[in-house]
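Two complexes, one shared chain (chain A), two partners (chain B, chain C).
Coming up: the complex of A and B.
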């Protein structure tokens, strides 16, 4: 009896810490965020039920659509430019000698170790008009750009963000692709070579199918990561940029919830963001399966 | 120790052999921890961290001071530390100063006030933040209402009245103002003299623009201007606000209503667009920090908006310009008009959660109203106190070598009574962002169409953005409850 009781309790003792932490830090905030989305609050003492008012306001707010537009542009460019670059670099490294490969892998991956806040601050100096490294470099190379205000001109903010994010993430995504390329079956590559397949045909019909699972993972994770973008533009622009040109959905959430103090509307934005990410990820996964 | 040694070796239990476990248990009496090494280490870590946490908490409790004051300005910390000993001796108490970055201070304070967690007894707040903390009903504001004390003790009348507007919500005052921050123009004295410009002759902004157009030049012939007249920092919005306040305009009125969709604002933005855009521009955004220091050293820009706090910043950031800078009042908008504005502000608030509010109030008065201490602080920070009695102090007449022997204290004190009020709302940041949008839209319009229709375009945008801010404010059910209608 004593032994069987002990056996029954033992798993709960081990699971207990995990369950408590999950309940406190995931389940409770999750449920509370649903409650919050339908209320206006001013601290725990003051809460007023407002029904769908928070959602209605967000969906009629031009700033929300600015944030969605900015975030979507960033996400699309991330996938369309960063990932091919990452794959290209991975293929270059995969064909090199292992010692060189390891060195370049470290070099290309290292920007990601620095963190978004540091990178944001670093590039805010690099993009300084007249004195910044980037502007000086542009002026020397193409005779233009010395006085360009990358972080103060609304039409240049997004290109600046994309340049910084490429520096930050191309190497990171490359690691995934490199790992996938290294697991491609050598026999299949040899067979393709023996059958006279061109490099492009080998890439299209042998390599792509073999790395497809990883590629889908990287695309979905990059998209989700892009839709959660916040720290980089916030640190780079010291806010959300001129005309909200660097405002992302999470930035809009932060501004509403923590700068204006409207936690209820912030929670509503969070749920809308979750919905957007869910829809886009589902479409991406379905499209990948259809192919 | 035996348990520890045991934990390093796989046991039969780990290998799934229970009968062997029993045998092993019987054989080895030291094996009395039955769940394997992973669980053992988790338990060990929990014990170590728990003990450490307990020890640290206990130590903190032992060292608990009588008052805790949170501040964000390092030069304030330095100045307060120098005099706190006297206060501690007078009252037989221990005061702890905590220096926290401004952004962290606001977000931590916000969270702590909302959740009822521990907060400092006194907090120095940055301009505009009181609006954030006062976005709910007045009784929910986490700071002590100082209005009655200020009047009862005659402090209100001893200070510049316009400075209380920064710390007020719905007519109640929640912090003691630390400063006046009158704005002047700092200029490169050496270069201005070289160019033969007499700053005493510049009385109005029209005079300034005329002078400015004569000095803006491409000196190297590379197609880029290498000398500008006026620094226009932070994307322009900071300067627009300074100019608007100088002209008597506001983002919000005294009751918190939106007040920036006016002809005065449209005119100010249009004027500013002309000075910062196109071939006739006289303004350049020299940035902040290192790029500003480089621009100042290079003489890229000749005049800089300069409130009192910035005069000290210049002394620290561009020490090699010692003797080469000067200060002048802002040009007026019309002859005989106001020659200053205001930029920034700090106030000291007492939290409602403080158990020693009276002692905190005594400390606030000691730090902010002690004239002797204020003289020493002016020497250290160049910041003019809103306490009018302190303006007769001899320290203000001291000639400063960095500013070419100019008595900058006297100039700032003479301008202090003219500083305009700044009315604050929980939505001040939002309004400022919307005003920036109007400005940037106007810049784009001016680049495309020039002067034709510029003012109409700005008026239309101002109306749209002001209506947006009103719509956001109208959603605040707490302000509606408080006043019987949204402000």
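Coming up: the complex of A and C.
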């Protein structure tokens, strides 16, 4: 009797650290961020109720729309490029020998170990006009691009950012696709082969349905991640780039809350960001179900 | 025509020969194509790393002159030397006095390993409670955990900043270690792998008089070694690479971590790329070493969380 009562408390003891930490550093800040979004702060101590004016300020600030536009372009384009590329690489790896597979998986995944700040620093030099590795490689390959100022020309900042994010994430997404492909039912593949299905037909009707769940997971996760982009462009461009061409929503939040010191408006941007992410992932999941 | 073009034409030509020279053995040509494409992908991925390793050993006068390394005939201490590392470790005069690069390395190592140890302990205990105990509220807690993962972490930064200030934790490592001390993702990871441990093992240990904590610590934890490795690596990487936390909460120069400092160095050493590139290379090495030691666990851990293909 005594033992079972003791056992009823035990899980709560094990969960204690989580419950305390989540109450203090999740539930309270969650409520506080709602409160804060309606207040104007002057330093971390004082706060005055201002109603909706934080939201009104953000929604009338052209920088906010620049940030939303940049982040959306980045999210859409990089997901659209990365998805087929990482699926393609996963399919190339899937049929190879397992030792070769492990080696290539290791290589293709390796950029993901490097933090976004370090990647940004590295590529800020790689994109140097005339001398950088990227400019020289491009010149050798297609005979153009040696003098392009990738990080100083506002219209080239986004392409540069997308190229870097490709390098960083293609191998990471590939791991998920590879795991999904490895668990595709071999009997179904054999059956398709016996029935004389072409590789395209097999891909369309046997493989796609079986990896669809993972593909949706990858798309939703990459989109959510893309909307929280900040450190990579911040280090790559040493700030937000020419004409704010590298300003993202989180960058805008960071500069408002911690460079300007306006925590209330920062909280309001945080809620707008949460709202945008919620809407987009809901739409993606709905669309995936309809198909 | 240059080397790159010639190589590409050569690779295509071989494919043509295999494809049309041996039409009955289509698998040879397709196998060749697969390895060529994978090889190109691997080459493009590794190129920046190779470039970085070459760059840090080049003298600042010739850093940009050669794409990778100078021709062997040009090798001398004037072109290849350790000057970048010397400058990096010579220390830097800041408004808060002289600070040495090794201090930042130690800070980063300390923070990442402390964060990993604390998280491992808290998240695995939480995961154990959720996997092996039936109690009222369990489903509710898990639903809450999933819900909490849907909010972007930036939403909490402004209110947490105020709390850290109120607690008097500004400019201390408590601000970096405590708020993230129990990872929800980690609890799910541990819950998932602990569920597969047979209950009979736990019952037997209870009959033998083992304490509940003893069962968790001595029986369950050794059985989930792979997921422990994966989780430690993920947590270490997260802490090692984190930027916003230290950037916002730490003010004393000598308490800063590598990502913040190297980002500063880009503004300090504007004419000496080699110095902050050398720092970046050193900052990549510890996670890389850990990864190669634990790579099998890492991949299995990544793909087991939530995705079941």
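The definition used in the following text is that the second predicted complex is superposed on the first by the 277 of 291 C-alpha atoms of A that agree within 3 Å, B and C clash if a C-alpha of one lies under 4 Å from a C-alpha of the other, contacts with A are read in each partner's own complex, and residues count from 1 in each chain.
Everything that follows uses one rule, which is that contacts are C-beta pairs under 8 Å (C-beta built on N, C-alpha and C of every residue); 3 or more make two chains touch, one makes a residue touch a chain.
Not measured: the values here are computed from a predicted model.
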{"item": "Room on chain A for both chain B and chain C (clash or fit)", "value": "clash"}
{"item": "Chain B versus chain C as contact partner of A:149, first or second or both or neither", "value": "first"}
{"item": "Which of chain B and chain C A:57 touches, first, second, both or neither", "value": "first"}
{"item": "Chain B versus chain C as contact partner of A:244, first or second or both or neither", "value": "first"}
{"item": "Touched partner set for A:257, first chain B, second chain C, both or neither", "value": "second"}
{"item": "Contacts of A:45 with chain B and chain C, given as first, second, both or neither", "value": "both"}
{"item": "Touching partner for A:284 - first (chain B), second (chain C), both, neither", "value": "neither"}
{"item": "More chain A residues in contact - chain B or chain C", "value": "C"}
{"item": "Chain B versus chain C as contact partner of A:131, first or second or both or neither", "value": "both"}
{"item": "Partner chain in contact with A:72 - chain B first, chain C second, else both or neither", "value": "neither"}
{"item": "Steric overlap of chain C with chain B in the superposed model, located at which of 24-32, 42-50, 186-194 or 204-212", "value": "204-212"}
{"item": "Set intersection of chain A contacts, chain C complex versus chain B complex", "value": "10, 14, 44-45, 125, 128, 131, 258"}
{"item": "Of chain A, residues touching chain C in the complex", "value": "6-8, 10-12, 14-15, 17-18, 21-22, 24-26, 28-30, 32-33, 36, 41, 44-45, 89, 92-93, 95-96, 100, 104-111, 113-118, 120-126, 128, 131, 133, 136-137, 140-141, 167, 170-171, 175-176, 179-184, 210-211, 213-214, 217, 224, 227-228, 230-231, 234-235, 238, 250, 253-254, 257-258, 263-264, 266-267, 270-271, 273-274, 277-278"}
{"item": "Interfacial residue positions of chain A with respect to chain B in the complex", "value": "10, 14, 40, 42-46, 48, 50, 53, 57, 62, 125, 128-132, 146-147, 149, 152, 154, 240, 242-244, 258-262"}
{"item": "Chain A-touching residues of chain B, taken from the complex the two chains share", "value": "35, 39, 107, 110, 113-116, 132, 135-137, 140, 224, 235, 285, 287, 290-291, 294-295, 300, 426-427, 429-430, 433, 436-437, 440-441, 468, 472, 475-478"}
{"item": "Residue ranges of chain C touching chain A (in the complex, touch as defined)", "value": "2-5, 34-35, 37-38, 41-42, 44-49, 51-52, 55, 64-65, 67, 121-123, 125-126, 128-130, 133, 135, 138, 141, 148, 150-163, 165-166, 178-182, 184, 187, 212, 216, 237, 240-244, 248, 259, 262-263, 266-267, 273, 276-277, 280, 283-284, 287-288, 291, 295, 299, 302-303, 306-309"}
